[in-house]
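Next, two complexes with subunit A in common: one pairs it with subunit B, the other with subunit C.
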Partner chain A sequence: MTDVQDKPAAIAETGGGVVATLFRFQSVFGLLAVFVAAIIFSPRRDGQILFVSADNLANVVRAVSEIGIIAVGMTFVILIGGIDLSVGAVLGLAAVGSAVLMVESDWGFLPSVVVVLLIGLVFGALQGMATSMIGIQSFIVTLAGLQIARGLARIWSDGQGVAIAYGDGPDEAPESFAILGERTFGGLVPIPVLIFAVVAIAAVVFLRVSAFSRHLYAVGGNEKAARLSGVPVTRVKIAVFAVCGLLAALAGIVHAVQLNQGSPNDGIGYELDAIAAVVIGGTSLAGGRGSVAGTVAGALLLGVLNNILALNNIDSNIQLLIKGLVIVAAAALQRLRPTS
Partner chain B sequence: MRNLKLPLAAAAVAALVLAGCGTTSERTSDQPSAQGAKACKGADGKYVIGMSQANVAEPYRQRMDDDIKAAAAEVPQFEVKFADAAQDNAKQVADVENYITQQIDLLIISPNEAKPLTAVVKKAYDKGIPVLVLDRKVEGDAYTGFIGGDNVQIGTEAGKYVAEKVLPNGGTVVELKGLAGATPQAERNQGFATGIAANPKIKIIATASGDWLREKGQAQMDALLKANPKIDVVYAHNDPMAEGAYLAAKAVGREKEMKFIGIDALPIPSGGIKAVEQGRLTATFTYPTNGKEAIAAAKKLLVDCTTIDKTQTLPTRLIDKANAAAIYAEENPTG
Partner chain C sequence: MAEVAALVRMARIGKRYGGVRACREVDFSLGAGEVHALLGENGAGKSTLMKILSGDVTDYDGEIRINDEPVSFGGPTDAQAAGIAMIHQELDLVPGLSVADNIFLGRELRTPWRTVDRRRMDREARALLERSGVRLDPRRPVGELRVGEQQLVTIAKAISLDARVLIMDEPTSALTTSEVERLFVVIRELRRAGVGIVYISHRMEEIAQVADRATVLRNGEVVTSFDPRKLSTAEVVEAMVGRPVQTMFTTPDAATGDELLRVEDLALTPRRHRPGRRDPAGISLTVRAGEIVGLAGLLGAGRTELLETLYGVAPGGPRSGRILLQGKEIRPRGPRDALARGIGFVPEDRRASGLVLFHSILANTVLSSVPQYGRFGVVGRRRERAASVRMADRLRLKFGRLQDEVGTLSGGNQQKVVFGRMLLTAPKLLLLDEPTRGVDIGAKAEIYRLLGELAGQGLGVLLASSELPELVGVCDRVVVLRDGRDVASFSTADSGEGDLLAAAMGEGAVFEQVGGPL
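What follows is the complex of A and B.
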């Protein structure tokens, strides 16, 4: 992608007719298609479509929320032409951190969450510095970051999952933490889904209104040109990696509360699921083009696909094949997309 | 974004309308108890069983699934579905939730870890689905039955075998342990110490951690062989590590000097029973996959309408040269 874009053109492209619209929102239409297919192929019982039962839909979105939160941060990183392989390990580190601070160190809810989020933020910022100031490719930096975060998580937890029990006593996490794993609105909407929704909406709005987003697309479109035209490339990169680390840590907190445990081995491979969601969402791995809305649709598409394959008891090995093909198909669609 | 609103809104509306149409009448109301009494429709019923496996990449767990499949094929009323969590707790939670959505008649689960799976297993149990937990436990008592082996007892049997049969006049033992921090590792270690205590002339001269892996067992054994000029017995916490140790000893021409003892005895071509039959290992001890027993318990609950024990501990069996071929054939009736 060598075209210089002086505004967030990719999400504000004008005109183009039906075809362009189809391509621009391929993941949204893809999501709709998969959703309809899921209804058609859903197993039924007593005339009831199991897929669309409120409980099942809540499960689908809840299962997606962690990857979704990570994928929003990943979208920013990929928009500037980078990649972050450390997010799964940072999730594990944050899950361990939440559990150790609240259960073993007896910290309160708020200080624990703030410190864990800060750890993610700083970890991401350091990776951003390494890639922007030393000039190491982000693939290498975050590959190293993956190992470091995983190592830190193992050291912090003594290599063991830290179980979380709730209560006022010592070795118990505050009850207020447990709320993050519960459901609201009449037991229908899981709190992790609300957190994911808030993160996604904030990211969409941010990309629409802030001047910073123009810098972001500029760096991803053509870093050299952006630098020449006065964009603070180094600051943009550090900020983007910091946000990605922060969101990975947030996902780690959500992860810990849902599983009642902070395990140093959790989140292995989550970076790949997040990247898959971003790619299906139509964001170009070359940078400079893509949207958070697409990523959200991509994450939901993967979640619905996982769910309907499981409800139909498709063999787990075949499931892997199907998911792989969907990712390839999404990437192929991007190649067909008419350039603006 | 304005172009996005319409399709999203349409999807949301569609979801709400459809969700409203499909009323969620769960079976909670008519089946308050998960003891199987109400789930039982007798021999005329048809039953869908969901099996949630922690990680089929481990041969032991693949064999557990295979045993369940084979045993269920003998029960015409049963249809078994399988899900694999690929060692991911979050995935296994989703797998069980999906089974609940499908309104299965019975859940079999071999949990990846206890704590993260406890809540979702309880959720299934509270909805009236009988739950059989295999190999690894969950916390609390919200399940119908647990079936598993006893690692302390297996270690003790291995220790007694070494003390009485292999080294009655005493000798030296090196121990290759499983992954540090894993419960079976601690239990197989502790049981063995108890077992050899009867013969004070036996000394454990070295221990090393092989992390359950063949290649790690081999590497550790390389070092142990250099450090120890005389080794009589290698006791490994599983067969792959014992096989790795055998390879290390063979590489320096010392494999005849010592006996190799393993645990697990999987009845598969790459498993411990074959290794004993072919003479690489002297003995191994079965660690039950619990698959057959799980289907037998499911049959009791669903077809025979009886109850089962809350905890069923399966005994271990010694596999040596004398019985290896016969037991392999017995465990693989068609092949």
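What follows is the complex of A and C.
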């Protein structure tokens, strides 16, 4: 196949032409633009552009990886026309879970991680069941899920952050867990970034080649038509919410490692950053249209923006304003997208 | 008539959508008290022309004069102020509001205290409806009404605007025969009152009955104007299509095989009440392999609901009777189950329930069969493409590339995609609900040819349709439904449209059915 598309070619392809291409890769071009702007406006030290230093770039992607992992799951949910507001709370629950299991219950690395991931998976699947089998809108289901996950996290941790210290003794987490926070490839690439990259690439490949992804796009595009065509709509929905919960839990583990603690208040508001990344990435909130590659670009764009604003010591309140405007601009650009 | 000063005169109207010319140098006029029919295949430019006249489309070439005054509308409100009202094909009603509320939407009647005067609105709505020959409680929510009744409400609403120009876009598509008769009485009254009416319809016999003049559009241009009482249907069709259409219907192959489907006294009582629906209340019928069986009946007779029950998408609830497929009793649990058993379904509304309009032709065509083109859950690109191309050839699909959005196809070609999707699942029995609604004549003939071909290969077809000529022309046998029961069965070899109609409406009680409870 000759196409170099960021989503399954079989689903849809807007016509050729420069304008159409610009719009199709809108988020990638947006990312490039912000990247160039970041170089121009970057503070310099000894003639060195601080923004493009290896250390700083590694920091940008490391800071992005948690939101990025969540946003991949969010993309799936939004592609089927749903929304998942519980991901930030599930991240908190997973962070608490990792800390409590390893530090207080003295579990090993593998069982802790597996159980925490399972918790996310089951939590997501239950939300998927509620929305697909009872027919409650996912906004409401996951709004409730947000409260429940946050409540569970508080109960599990007695409302306190649980610090993670490493060692072999009691109340210490296994050393192997700390590896997740380190860097690899000559100290250049943080492990969380590696995890994010693996998740993103797996998701892109999955959406491009799998039969399941056809069903996923069809459910988001026209649920009734999908059902009448024999697409297992309920199964698709449950699976998608389960994956989203699983990825939120994975992000929670990464979060706990990086902060050396699990707090029930971790991840507050992350769902909104993840949705922002998806929207900037060009995925339609109406469902059936969008891509994980766009979401990755969207998450990176937000990360670069955060970084360059911080490097220039821009007031954090002003940062919020600028981020808001970028989201609106991205959404407005999509309205201008030529339709056939 | 020609000497009378025209009420509306549209001159050299042109309109482009991208590279497509929807209208090209169209001249159109309408006199006071004239009914002017507008004919043409889908995409001929009828709707565009009328959208320009009603202010929906504001950027066009050419000139509109009303009573010899040039006008330029900035939107539908301007057109309404100039006395132009349009009854849209897509009903623009608010389902949650009552009939009276809908009729007076945006111009509610007020009491001296500026509150909404519901009593007066109800009273006037009732009077308006009665004038259109409908007995309806004006306080009923519109969402509970049959589509045909909703159509009558929009007509009553348009009449209440006291418009000088009334545009009716396929006003009868969901009306029963007696409702159509009543509508024609109303149209004649309006004509006498000097209202100019533009009448868009696909039904030739209606046009001969009601129109004073007819204009045919093809590819955005006026082909001919004629007196509808003087031209034969065949001549009109030829003008619309641009070539002679010899055989619309393929004579069905009489040779049929073993019994494929047997429905015995099927009845369903859904737990959740569905307003405006008529669930099976005792239906028996059979379909043999290679046989095309028609389902006739008025709207609300239960045709769609029967097909849905057979496909497993009817609502839950106690049911009685039996469904047998090739002699084995089945209880279809849903589309997946039905498809796995070899039952395919082409739903009534392809845009709402058939297609993902903004996805590609390819993705839509293979949607039901995509897992079978791959291994380990990975789609085989080449195989799905090959299957899709094969199906497009077989259906004579007119398209650019398989990657194009299916929404860019014409109605008939969209319908072929839905057909193709089902055929790729290799069904034994096809359930079709109004498969040619909104499909132009050329594509219709091709769908009929396809049905004949499928039956020849031993497929059984159950075809629900409101078009009697279609039922008589395509089917081997027609079963008539009324009130959720099968009331008659005809062989099309020895009965005509009249027999079907009489059975569908029942004896005498025609008017009762129109206004009565469902």
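Of note:
The rule is short, and it goes like this: the second predicted complex is superposed on the first by the 325 of 340 C-alpha atoms of A that agree within 3 Å, B and C clash if a C-alpha of one lies under 4 Å from a C-alpha of the other, contacts with A are read in each partner's own complex, and residues count from 1 in each chain.
In this section, a residue touches a chain if its C-beta (ideal position, glycine included) is under 8 Å from a C-beta of that chain, and two chains touch if they have at least 3 such contacts.
Every value quoted in this text rests on a predicted model; they were computed, and no experiment measured them.
In the superposition on chain A, A:26 contacts neither subunit B nor subunit C.
Once chain A of one complex is fitted onto chain A of the other, the partner contacts of A:232 are limited to subunit C, with no touch recorded for subunit B.
After overlaying the two complexes on the shared chain, residue contacts for A:209 are found with subunit C alone; subunit B is out of touch.
In the superposed model, A:218 lies in contact with subunit C only, and not with subunit B. Looking at the superposition, the partner that touches the larger set of subunit A residues, subunit B or subunit C, turns out to be B. Contacts of A:289 after superposition on the shared chain: subunit C is touched, whereas subunit B is not. Of the two partner chains placed around the shared chain by superposition, subunit B is the only one that A:45 touches, whereas subunit C remains out of contact.
Subunit A uses residues 11 to touch subunit B in one structure and subunit C in the other. By the touch criterion stated above, subunit A contacts subunit C in their complex at residues 1, 8-13, 209-212, 214-215, 217-218, 221-222, 224-232, 288-289, 340.
Of all residues in subunit C, those touching subunit A in their complex are 311, 313, 334-336, 338-339, 345, 347, 352-360, 362-363, 366-368, 370-371, 373-374, 377-379, 381, 384, 403-405, 407-408, 421, 425. Residue ranges on subunit B touching subunit A, taken from their complex, read 1, 3-4, 7-8, 10-11, 14-15, 18-19, 21-25, 56, 81-84, 86-90, 93-95, 97-98, 100-103, 113, 115-116, 118-119, 180-181.
The residues of subunit A lying in touch with subunit B in their complex are 11, 21, 24-25, 28-29, 31-32, 35, 39, 43, 45-46, 48-50, 52-57, 59, 63, 66, 158-161, 163-164, 204, 208, 255, 258-261, 263, 266, 268-269, 293, 306-307, 310-311, 313, 315-316.
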